[in-house]
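Working notes, beginning with the structure itself.
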Amino acid sequence: MCLGIPGQIVAITDAGRMMALADVSGVKREVNVACVAEGPLEALVGHWALIHVGFAMSLIDEDEAARTLEALRDLGEAQETLAQMAEGAAALEGRA
Amino acid sequence: MALRDERVTLAHGGGGKAMRDLIEEVFTAVFQPPGMEDQARLTEAALAEPGARLAFTTDSYVVTPIEFPGGDIGKIAVCGTVNDLAVGGARPLWLSAAFIIEEGTEIALLRRIVATMAREAEAAGVRIVTGDTKVVGRGACDGVFVTTAGVGVIPPGREMAAGLVQPGDVAIVNGVLGDHGATILATRGDLALSSDIESDCAALGHLMAGVMAAAPGIRAARDLTRGGLASALNEIAQAAGCGIVIDETALPLRAEVVGLCEILGLDPLYLANEGRLVTFVPEAEAAAALAAMRARPEGAGACVIGRAVADHAGQVRMRTAFGGARIVDMLVGEQLPRIC
Amino acid sequence: MKFASEFRDPALAKGLLAEIAKLAEQIGATREKPVHIMEICGGHTHSIFRYGLDKLIHEGIEFIHGPGCPVCVLPRARVDECIEMAERPEVIFTTFGDAMRVPGSKLSLLQAKAAGADIRMVYSPLDALELARRNPGREVVFFGLGFETTTPSTALAIQQAAREGLTNFSVFCNHITVPEPIKALLDDPYMMLDGFIGPGHVSMVIGIHPYDFIAQDYGKPLVVAGFEPTDLLQSVLMVLRQIAEGRAAVENQYARVVPEHGNKVSLAAIADVYERRPSFEWRGLGEIDASGLRIRPAYRAYDAEEKFGIGYAGKRAEVEEAEGCACGAVMTGRMKPVACPQFGKGCTPEMPLGALMVSSEGACAAYWQYGGARAAE
Amino acid sequence: MALRDERVTLAHGGGGKAMRDLIEEVFTAVFQPPGMEDQARLTEAALAEPGARLAFTTDSYVVTPIEFPGGDIGKIAVCGTVNDLAVGGARPLWLSAAFIIEEGTEIALLRRIVATMAREAEAAGVRIVTGDTKVVGRGACDGVFVTTAGVGVIPPGREMAAGLVQPGDVAIVNGVLGDHGATILATRGDLALSSDIESDCAALGHLMAGVMAAAPGIRAARDLTRGGLASALNEIAQAAGCGIVIDETALPLRAEVVGLCEILGLDPLYLANEGRLVTFVPEAEAAAALAAMRARPEGAGACVIGRAVADHAGQVRMRTAFGGARIVDMLVGEQLPRIC
Amino acid sequence: MKFASEFRDPALAKGLLAEIAKLAEQIGATREKPVHIMEICGGHTHSIFRYGLDKLIHEGIEFIHGPGCPVCVLPRARVDECIEMAERPEVIFTTFGDAMRVPGSKLSLLQAKAAGADIRMVYSPLDALELARRNPGREVVFFGLGFETTTPSTALAIQQAAREGLTNFSVFCNHITVPEPIKALLDDPYMMLDGFIGPGHVSMVIGIHPYDFIAQDYGKPLVVAGFEPTDLLQSVLMVLRQIAEGRAAVENQYARVVPEHGNKVSLAAIADVYERRPSFEWRGLGEIDASGLRIRPAYRAYDAEEKFGIGYAGKRAEVEEAEGCACGAVMTGRMKPVACPQFGKGCTPEMPLGALMVSSEGACAAYWQYGGARAAE
Amino acid sequence: MCLGIPGQIVAITDAGRMMALADVSGVKREVNVACVAEGPLEALVGHWALIHVGFAMSLIDEDEAARTLEALRDLGEAQETLAQMAEGAAALEGRA
């Protein structure tokens, strides 16, 4: 549950209060980054995070995202191959 | 320069000299209404043509903040009423402008609003011919409210109404959706959002004139205001007794507007506009209508978004980008920012 | 939008849908005898209807809409208590917009606001904190509502208030947890679920292991899922694969956001600020053991229940749920929204009876709004 | 009966179903505007007559309290705009009505206001043909504000204006002065005054029609609103470039109004009215004008109060009951209750 | 209106005017060498212009308009102090409407209200008291302004507040007294007055004897007068008779309202609540010894000067009166309003420089409004 | 100075707080009667008082009022007699 949006951290605005500026498609808002800050805050700039009620709750793992997409694409291609094979088979059998 | 105050006081609404000074210096000096009476006296040859009809409409404008990226309350007050006249097929002629002003309002702000209104009226080809000011105590209104009424003329033989839309008609909008609503949401301090979005506020009288000339068979048009595209389409579907199908992939939306909606859990189909309309034209005239829109800056982003259909009468459906379909209902209350 | 639009690609969905269909056939799932998969989370319910997944997917898969919407399970008595606080002249009552339309026994917060209570919608507990700073003469109460996703933000806000020594800020804590009601569901003798889609954003905080008992003790598959349409379809596929292979495990489809063990800072903040209540009342589901959180004595000064002698700290009014409301049956999957006798009659979005009709994640609202059915029209 | 709420919430202004329900049930069900579009489309033969002119005016109404002895904001909103049309020589035809409503306003109150407006419009022979509603947050306005605009037709050849008043013309008012202003002052809680005075609020279209028929040479008329008789006379004197003399003993004033003014240190010449006008007619037509007024209930108390003179151009003077004379100036700010 | 309209009868005035003319001739008063009669009270000034008495009366009588208008003599610094208090967020500042337009050094109260200060006009100090009762969370300050007529009402309000134990009500006491400035006028070497019309409503409170020194020590007639036109004319006649007979006495024309020794209850309330200040500042007249009242220590809790450390209890700002303002000269009868270089130029009712132009009792306002002159137009 | 208006006391509204209802030409307002109360408050009803800022400050002495008016009328009559005599004298002397 709970609406979460990917946003990119573009600046640290108040290190004392752990506040940073997040950018979601060009819309900016200050968010708290306490949950995703491990090292120096500046290192967060450029990273994407999942934003929920004004907090960056989790850093987005870009590799994992790529992997998931890759898996989906593979599945799609496999399906296409299967479909083509089915079509080919149908053609061979003289069906439309 | 009898008016030396920086802010409006209750004295400026009391019916005496202070009021007269405020009205003369801030309002009538700029609007230059005809005559000195508390009514405009007007003539227009087109009104006397046999079969011509008079169009009459009104709206109150209460936007917060009063000034925002892309406009101010004065711009909306002129454009909104011009648009209500124009989408009904009328040529906008004259506006009235009534101001309710909170005690303490800066007179410089009033001057800016009035200047905007004069400029927009001039550009839209209408005249602000009569008006009123009231001053209310601090806390009795929110800065400045403006109510405009508009009079226009519908030429003989022109008949446009939501009820005339027929299955097969093509739905066209004149540009990206929701910019105004998104701007207001972002500009209000309480959500602490910032963006570069600007209000789409624009007068659409000239654009409508172009469309009506290019597509004489035009059935209906609606300006998209509160309730956004979704509400306008639902009204049309219900009035026409047909269904409407729109295509999610065809909807012109700015990335920032989509982003803002994702953050707040809103649906851009319901966001307000102040310079957008949807029009239904017979399929044969769709290309011409589209071209006429695109010929004007306020229609540069025009595109076809869907069409009227014989199915599901009174209902608006959207083919989603994902390949599904869903009902686009009227908004129930107002859209509330949500987190879940 | 990066990390969102890519997962909305209909081309990718095609492959998923085909594979799901293949597996469904293989399992022998039919319209008459479907595989029942509960998406626990209202956010998932919302996505299913928004993208029309229920219509696109093989007819042998039936989504059962779970109780994972904090607004839907909010008892009327809680709304009444919110209004009671909000009506005090010194109180500025702050809430997420979601809760505004939920019916109390007499009024919703929206109606109470119209009647004069100072109620303000905020986007974040941080905004409520800022209101408290700016209005030192007023009492700012924040309505802490939500599952584990939202719980850390409220905890962090309370910690921040304590650091600043704010004395006019408090939280009306109604935070609840996901695993406990699932356990309650699974213990139901009429339970007929074949697998679960787990709430991705809850696991972003708590990780995936709190669900281990579902696989281990009850033998049901659970896949923690993201909220985009391909996330959901992929998760359904992963559940089907487990079923086809006769396995039951907790798997993570949403690895780009959900770390296996959750978020350390969030978990620490939760542990610091809250403790479990012995039991907590859910709308339609009744009291569920250990399913709610309360503020620890150390942060008592920020606990609105204590400050105003309300909720579990006050004498709790017995407020019956609305007559004829079938919310509980709908949330436990025993009834479809359209089967509720009130659906579209006594209960519409304009004049709701149950919370499921007003929450944007509520199954009844989704059925109504997205036209899964308009039986009553 | 889709509208089950007792009070207006922000949802009723959001552009969705709640708004539609409010508008349809509370407003359009009573006003029955022509057509379903957001503009009225109107025809009127008199408008097409050669030489006829269209009259157009607007006012916002912000009275507190909203309901008071003798009327409510709706009555003023109809009568005030009808009067602005009528005193200019126009036959009032159509009104628009725009409502700004505070969140929390009782819907029953809205229904009463709308019922009043419908009744007054009917009695005045005008139709409310288009309108608007906006809902603002609690504290963003003071209950309900109503803005009406009015359209009428001035028949060919009729020319009335303050500037046309000439020395020798007779000034006539249609009844006792200041009742409205006194009622509002007494009804507001803050001065803790009570009285039996009732607002004079009335539509004067029929009365003006009678006067214009009886006194075709009529020069000008002004409704007495904010600033009272004194402000209206000063405006006329300045526009006409002549002087005006009124007679204190001739001024129709109710004892209670005089009493209230004595208590608060106010001058009844500056009290507001909502159903009173002053008209200037050539001396030869004065008796006929007076008789025409007295033939109607809203003119039963009509009387001559003075005349235009060639002296002291632009200035209004009053012969006092005591035998002296004094200038009756325009009000400076607003009249403030005073104790010394 | 009973007890008022009878005294506005022009028929009665005729006899008075004729008798005045006869006496004036007898004394030898001419336009060039008139008898100078000062009406001390602004209320009398107002009546003179409202009824046009200055034009009706024999040309040998010249009215000199005195300083008896509490608004006219209010220094700019006092207005600034009112605004300073009114701008505090907790304060509701209450005042008679009369004071609203008086210019301070930057703003008037009307302008300060527009700029956000919570300033409310009341008709009575009792209304201010009621506001305090209804707003326990706010501080209600009442601007106590006026001569002896008004002084008792403020005293009674303070006594009432003390009886009720109200803690959020206080009075900014600017009450002043009539006899002292008259003495100051009489001590002026350029003084050329031949007699006085005394303020009837002041004597209703203090009786007629506080003016005895005027007759006894300075040999000038004084007649305490009512406010209707025949009251004023009769009083002028009584003054002229004294002059004609070579007498100087304090007489009472207004016996229907003014008891010889004043009002016991009022005098007791004044004595209980107030004490004399050593001196007090008058706009245009400067500091006058013993001419102002302050709240006694026993009622210190109701003294806004003490509560807010303002006025004579604070460090008083030196605020110069507006440049070119001739208010002092006008109020002491040395200059007619039209002779002020600012009249109608830098000073108009719309944009006043001096208080005499905004008070409804101010001579400059009267000259402007009732057209005694419109020299500047 | 200070606006004062004659009003008639028509009812006692709150004896504890010394409040009564005063009527000025049909307009009513509660006023404090502490300054004019000597005996029982009820005795005030029917009396006229001078009202200032919400207080009855002084009872109006109706006899004195009558006396003042009488004196003014006498003066007027005397003046008229004088004027008539002057006219008569003028007539005798043949003036217009």
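Chains: A, B, C, D, E and F, in written order; residue numbering restarts at 1 for each.
Basically, a residue touches a chain if its C-beta (ideal position, glycine included) is under 8 Å from a C-beta of that chain, and two chains touch if they have at least 3 such contacts.
Chain identities (UniProt): A, F = Hydrogenase maturation factor HypC; B, D = Hydrogenase maturation carbamoyl dehydratase HypE; C, E = Hydrogenase maturation factor.
Only a predicted model underlies this, so the values are computations on that prediction, with no experimental measurement involved.
Chemist: Which chain has its C-alpha centroid at the greatest distance from the C-alpha centroid of subunit D?
Modeler: If we average the C-alpha coordinates per chain, A ends up farthest from subunit D.
Chemist: Counting only C-alpha atoms to place each centre, which chain is farthest from subunit F?
Modeler: Of all the other chains, the one whose centre lies farthest from subunit F is A.
Chemist: Centroid from C-alpha atoms only, then distance subunit C to subunit E, rounded to Å. What do you get?
Modeler: Here subunit C and subunit E have centroids separated by 71 Å.
Chemist: Centroid of subunit A to centroid of subunit D, CA atoms only: how many Å?
Modeler: 64
Chemist: Just curious, how far off is subunit D from subunit C if you go by their C-alpha centres, in Å?
Modeler: 57
Chemist: For subunit D and subunit E, what's the span in angstrom between their mean Cα positions?
Modeler: Chain centroid spacing, subunit D to subunit E, equals 38 Å.
Chemist: Find every residue in subunit E that makes contact with two or more other chains and list them.
Modeler: Within subunit E, the residues that touch at least two other chains are 1, 4, 42-43, 69-70, 96, 101, 110, 123-124, 127, 146, 150, 349-350, 361.
Chemist: Mark out which residues of subunit D touch at least two other chains, giving numbers and ranges.
Modeler: Correct list: 9-11, 17-18, 191-192, 255, 258-259, 262-263, 265, 332-333, 338-340.
Chemist: Specify, in ascending order, the residues of subunit F that touch 2 or more different other chains.
Modeler: 1-3, 5, 24-25, 52-53
Chemist: If we count contacts the way the header does, which residues on subunit A are in touch with subunit C in the complex?
Modeler: Interface residues on subunit A, with respect to subunit C: 1-6, 8, 17, 24-25, 29, 32, 34-37, 48, 50, 52-55, 57-58, 60-62, 64-65, 67-69, 71-73, 75-80, 82-83.
Chemist: Give every residue of subunit F touching subunit D within the complex, in rising order.
Modeler: Residues of subunit F touching subunit D: 1-3, 5, 24-30, 51-53.
Chemist: Taking the touch rule as given, give the residues of subunit C at its contact with subunit B in the complex, in rising order.
Modeler: 1, 4, 8, 10, 13, 42-43, 49-53, 55-56, 69-71, 96-98, 100-101, 110, 120-123, 127, 146, 150, 229, 349-350, 359-361, 368-371, 374
Chemist: Within their complex, state which residues of subunit B touch subunit E.
Modeler: Going through subunit B, the ones touching subunit E are 2, 4-5, 7-11, 17-18, 21, 103-104, 138.
Chemist: Subunit D touches which residues of subunit C in the complex?
Modeler: Result: residues 101, 110-111, 113-116, 349-351 of subunit C touch subunit D.
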